[in-house]
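Okay, got some structures for you below.
Look at the two complexes coming up: chain A is in both, with chain B in one and chain C in the other.
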Partner chain A sequence: MEIAVLVKPVPDAETRLRPDAKGLALDPEGVKWVLAGYDESAVEQALLLKEAAPGTTVRAISYGPVARAEEVLRSALALGCDAATSLEAPPEAPTDAVSVARALALALTKHPASLVLCGKQAGDDEGGIVGPAVAELLGLPDLGVATNVRWDGGPGGLTMERSVEGGLEQGRTALPALVALQQAWNDPRTAKLPNILKSRKAPIERIPAAEVAAAMAPSAATAPRRLGFRLPPPRTGAKMIEYKTPEEAAEKLVRILREEAKVFP
Partner chain B sequence: MVDFSLTEEQTSLRDMARKFAKGEMAPHAAECDRAGRFPEEIYRKAWELGLMNLNVPTEFGGSGLGLFEQCLIVEELSRACAGMTTSIIANCLALEPILLGGTDEQKHRLLDPFCASYHLASFCLTEPSGGSDAGSLKTRARRDGDHYVLDGEKCFITNGPFASLYTVFATLDPSLRHKGIVAFAVPRETHGVVPGKEEEKMGHRASATSTVRFEGARVPVANRLGAETEGFSIAMRTLDQTRTPIGALATGIAQAALDHAADYSKRRQTFGKPISEHQAIQIKLADMAQALHAARLLTWQAAWTIDHGQPGSLESAMAKCFASDAAMRVADEAIQVFGGYGYMKDYPVEKLLRDAKLAQIYEGSNEIQRIVIARELLARYA
Partner chain C sequence: MTGVLVLLERHAGAIAAASCEAVGVARSIANGGPVVGLLVGPGGAAGATGLGVDRVLLAESPNLDHPSGAQLAVLLAAAADAASSTTIVVPGTARGRDLVGRVAVRWNASAATNVTEVATSGSGALRVTRPVFGGRATEELELPGPRQVLALKPHAFSPPATSPAPTPVEPLALPEGLAKAPALDVRGFQPTVGGKGPELGDASIVVSGGRGVGTPEKFQVVEDLAEAFGAAVGASRAVTDAGWRPASYQVGQTGKAVSPQLYIAVGISGAIQHIVGMVSSRVIVAINSDPQAPIFRVADYGIAGDLFAIVPALTQAVRAARSH
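Now for the complex of A and B:
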């Protein structure tokens, strides 16, 4: 089986974020781009399927400025993916989900996969649209979100599970398909040191910007454009309560909740 | 050409070590310190990820890293817990005599198990009657056919109770001093190998330290490392390799101390403002940052020197000595920044001082490092 896993470079949770000089985007200076969140679960799921079904190969695919995309692809290779494709973002490319999906679909037409895995939503903007849009563009059944996927070979041999309110839902289906991974039930592995060293030397296929731009062209004119990027206003209003007894503290807290925060009528 | 930027490979190794340190080591550091617990599950994980045996070449199944990369990793691990780091890197110390003195056959036979699965090894040089003056060690080796028979006692042996292999230095004839010392690889299951109980230590309490006694232990000649006259030189060349990572370990402690102190100083208020806005505290933080930075740079340069095939005795002695003294000072000041809380075990900084102290003592005390530095220095004025 050929599995493709879509991974997005997102800023490391510890990075201090700033808008760029034009206030249009995140200032990339000093940002560490990582494989994170649901995407990590998607890679882990792909690797678990690979381990369970010998002969399976996993290709990681990422779109973005070359250095960023390749950084997360190297992480995916270090974890155990077999191959990697980076889609070079064209200059001034539209940033909407459908344009990104067109780019990813381009890689998938070059490397058809019977199972496409992605995170339920990106670790940064939490959009959740790219996966379904890729499925739509390729005419793949989109199976929605899952917490666990198993493959037993036969027709209709893909079993998936997802958490729903109060329980677990199970289903079976055939391939090809696209599945988005929900939160990590599968404690994503850490890359081993020798594999990190190897991944640094592994080849990464690069699809050049011009080809990516051509793939994005059909909706480029109508794609929404980002107007700006700014930080949320700094949080204010933390208030220390001075008190001598717990009763006094509770009394003051309730008064503040009622009169200032207006939580209670 | 001087270049202080890390390559992408070095950055990814450092980040991986940092992730392991934060995720796996740091959450257990306080508990292991308090209980004096040897967290074998963490060491096992470190092995699985390739964070042990960093110096063993890839052809023997190790990570095959240069000293510089080893230092990047050790600093990150030590930032989370120096004690665990001591036990994680003890294999590098214990296996180095095999890398330096072993034949290819010995390297394969003795190192393969360490790379195939989780095992610990211990380096046995120090004896109750003396550590610094290693040339006068008393553990005896007597040739008996195709075996040597070892008798004597080693002390302060890191991972002693848990090791499956000991690299041991013993003398054929104490009157020969350095020239009589032989190096051996001694498997734990050898009859007459008796590890003692774990010592109660001031710091590095997640690491285990014990005596190891040899009571007529018979070691095959095939397990002698190098020639009969080479043992002392193997021991000293081993320490030449492992001294620099102790500089990195100390740097990690200093980094942790500065991290805690800077963070606390912004949160603690006195006289109506955060203590970080009092100049006396700023001066402390600035001095701590300088000591830390100098420690790291000396360590990096020593590692770079040795990686470039130069002996680096002077550089590694300076790095180890300076960085461990710096770690003591920085940890001490971190406690001062925390005030009374710094003195309490519920806060993380007093452990750093206890941990830093060992770096001034082991792998050649700082007095011995200064002797080495002065000797090298004075030779240049001949």
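Now for the complex of A and C:
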């Protein structure tokens, strides 16, 4: 089986967020770009399926400015992916989800996979649009918020659980299909040092910006325009409730919730 | 005139709260145009009256018991065209949100998910605000017309008042593309193992306990407070990792992200892991024995003290307040 994993470079969780000079996006100055947390679960899932079904190959695919995309592709290779494809962002580097989905679909047309895995969303824009858009572009079924993906070896036999409102749904799909993974349910592995060193020299296929731009062009007119990127006003810290007895503390809090915060009927 | 189509998602026969919120938003951006609901699946038009939509399109077929994202996208695009809608609003549920990317491609629409504010902005465009980076920042986007598809962040909007007027229901002619759309093969359903109250991701009040609660038995004090509030029960990672409560209780980066009207953190110190899962709650209350605990920096109101004295007193006070 050929598996493709879509991975996105996102700012490291420790990044101090700050708007850029125009106030339209995150200031990329000094940001460390890493494999998105949800995508780590997708890579882990791909590797688990590969271990269970010998002969399976896993290709990681990423879109973005070359240095960022190739950084996370090397992380994916160090974890155990077999091959990597980098989609070079055009100079204007569109970041809207549907344009990015079109770029990823281009790579998947060159490297058809029977299973496409991705995270259910990325940790930066938290959109969750790219995966289902790729599925629609390629005419694949898609299953979101999935855990426990298993393959019985046949073309009809991919089973999984999906966490939806109210519970866990057990589903089954034929291949090819796209599955978007819930984060962290599978305890993603960490890369071993020799594999990290090896991944530094591994070849990465690069699809040039001109070709990527042509694939993205059809959604230029619908791409959302950024108007602002803001940080919430700093939280000033809790208003501490003074009290002599626990009962007094409780009564004061109930009164505040009711009269001041208005969150209690 | 701009019509708006809303997907009415049903859970166990009742229209999901998230869909009611979507109806309110649809009305606010329709500029007097019609707000039309789409109902899918067997079950007829049950639940459709009183929602505040002008009419309901019903896509009925036994094959649509568990519609796939691909099938729903086909139906949404067809219904929006049939109703001359220029915007589609889907509920901010797991299933709803998964439709946005598909509809954006199929219907050639501008798209945004997790929307917390929306306004019309002339020439058919919409301006939306949405949290990013786990609520640590927000972005504002302009979605160009003529077509948009939105998923709302749960609880970010109030549902409109219900109206007793009967809602006209019309069948939606099943579009040709439906047969070609990949179906979903659902083999079973396991209700969430959670507290007795409402579901974590869905609740307007959440009470969570952390390591400070001490033992699995003493966690009951958190559950009693939640019950008094009619709230969902959550937990920090320390609690679920230790096996005091199942993993489905976990709020945080590796658990569920919640944004209720009121979040009460009991005995939770406030590791960043936990904070990112609850910081976008509207009002946060922290109860902790350590007045220096980082949770007090993100909370709106704090009580420093012995939680085993404070929480039972609060449970009593809440019960008393609710019985009046």
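Operating definition for what follows: the second predicted complex is superposed on the first by the 248 of 265 C-alpha atoms of A that agree within 3 Å, B and C clash if a C-alpha of one lies under 4 Å from a C-alpha of the other, contacts with A are read in each partner's own complex, and residues count from 1 in each chain.
The definition used in the following text is that a contact is a pair of C-beta atoms (placed from the backbone, for glycine too) under 8 Å apart; a residue touches a chain by one contact, two chains touch by 3 or more.
Nothing here was measured: the structure is a model prediction, and the numbers come from that model.
Asks: Clash or fit: chain B and chain C on chain A?
Replies: Here the two partners, once superposed via chain A, fit next to each other without clashing.
Asks: Scan A:L26 for contacts with chain B and chain C and give back first, second, both or neither.
Replies: In the superposition, A:L26 touches chain C alone.
Asks: Scan A:R200 for contacts with chain B and chain C and give back first, second, both or neither.
Replies: A:R200: touches chain B, not chain C.
Asks: Applying the document's definition of touching, compare chain B and chain C: which contacts more of chain A?
Replies: For chain A, the partner with the higher number of touched residues is C.
Asks: Determine, under the contact definition given at the top, whether A:R74 touches first (chain B), second (chain C), both, or neither.
Replies: The first partner, chain B, only.
Asks: Identify the partner contact of A:K192: answer first if only chain B is touched, second if only chain C is, both if each is, neither if none is.
Replies: Only chain B; A:K192 stays clear of chain C.
Asks: May I ask for the angle at the C-alpha centre of chain A between those of chain B and chain C, rounded to a multiple of 10 degrees?
Replies: Value: 120 degrees, nearest 10.
Asks: Rounded to whole Å, what minimum CA distance do you find between chain B and chain C in the overlaid structures?
Replies: Once the two complexes are overlaid, chain B and chain C approach no closer than 7 Å between C-alpha atoms.
Asks: Can you check the complex and tell me which residues of chain A touch chain B?
Replies: It comes out as residues 32, 74, 78, 190-197, 200.
Asks: Can you check the complex and tell me which residues of chain A touch chain C?
Replies: Going by the criterion above, the answer is residues 11, 13, 17, 19, 25-26, 37, 97-98, 101, 123-137, 139-145, 159, 161-174, 177, 180, 183-184, 219, 221-232, 235, 237-241, 243, 245-247, 249-251, 253-254, 256-258, 261, 263-265.
Asks: Which stretch or stretches of chain C touch chain A in the complex?
Replies: 11-12, 16, 66, 68-70, 73, 93-95, 97-102, 104-106, 108-114, 127, 131-144, 147, 182-192, 199, 201-202, 205, 229, 253-254, 261-262, 272, 282-286, 291, 296-306, 309-310, 312-314, 316-318, 321-322
Asks: Residue numbers of chain B touching chain A in their complex, please.
Replies: 8-9, 12-13, 15-16, 19-20, 23, 48-51, 58, 63
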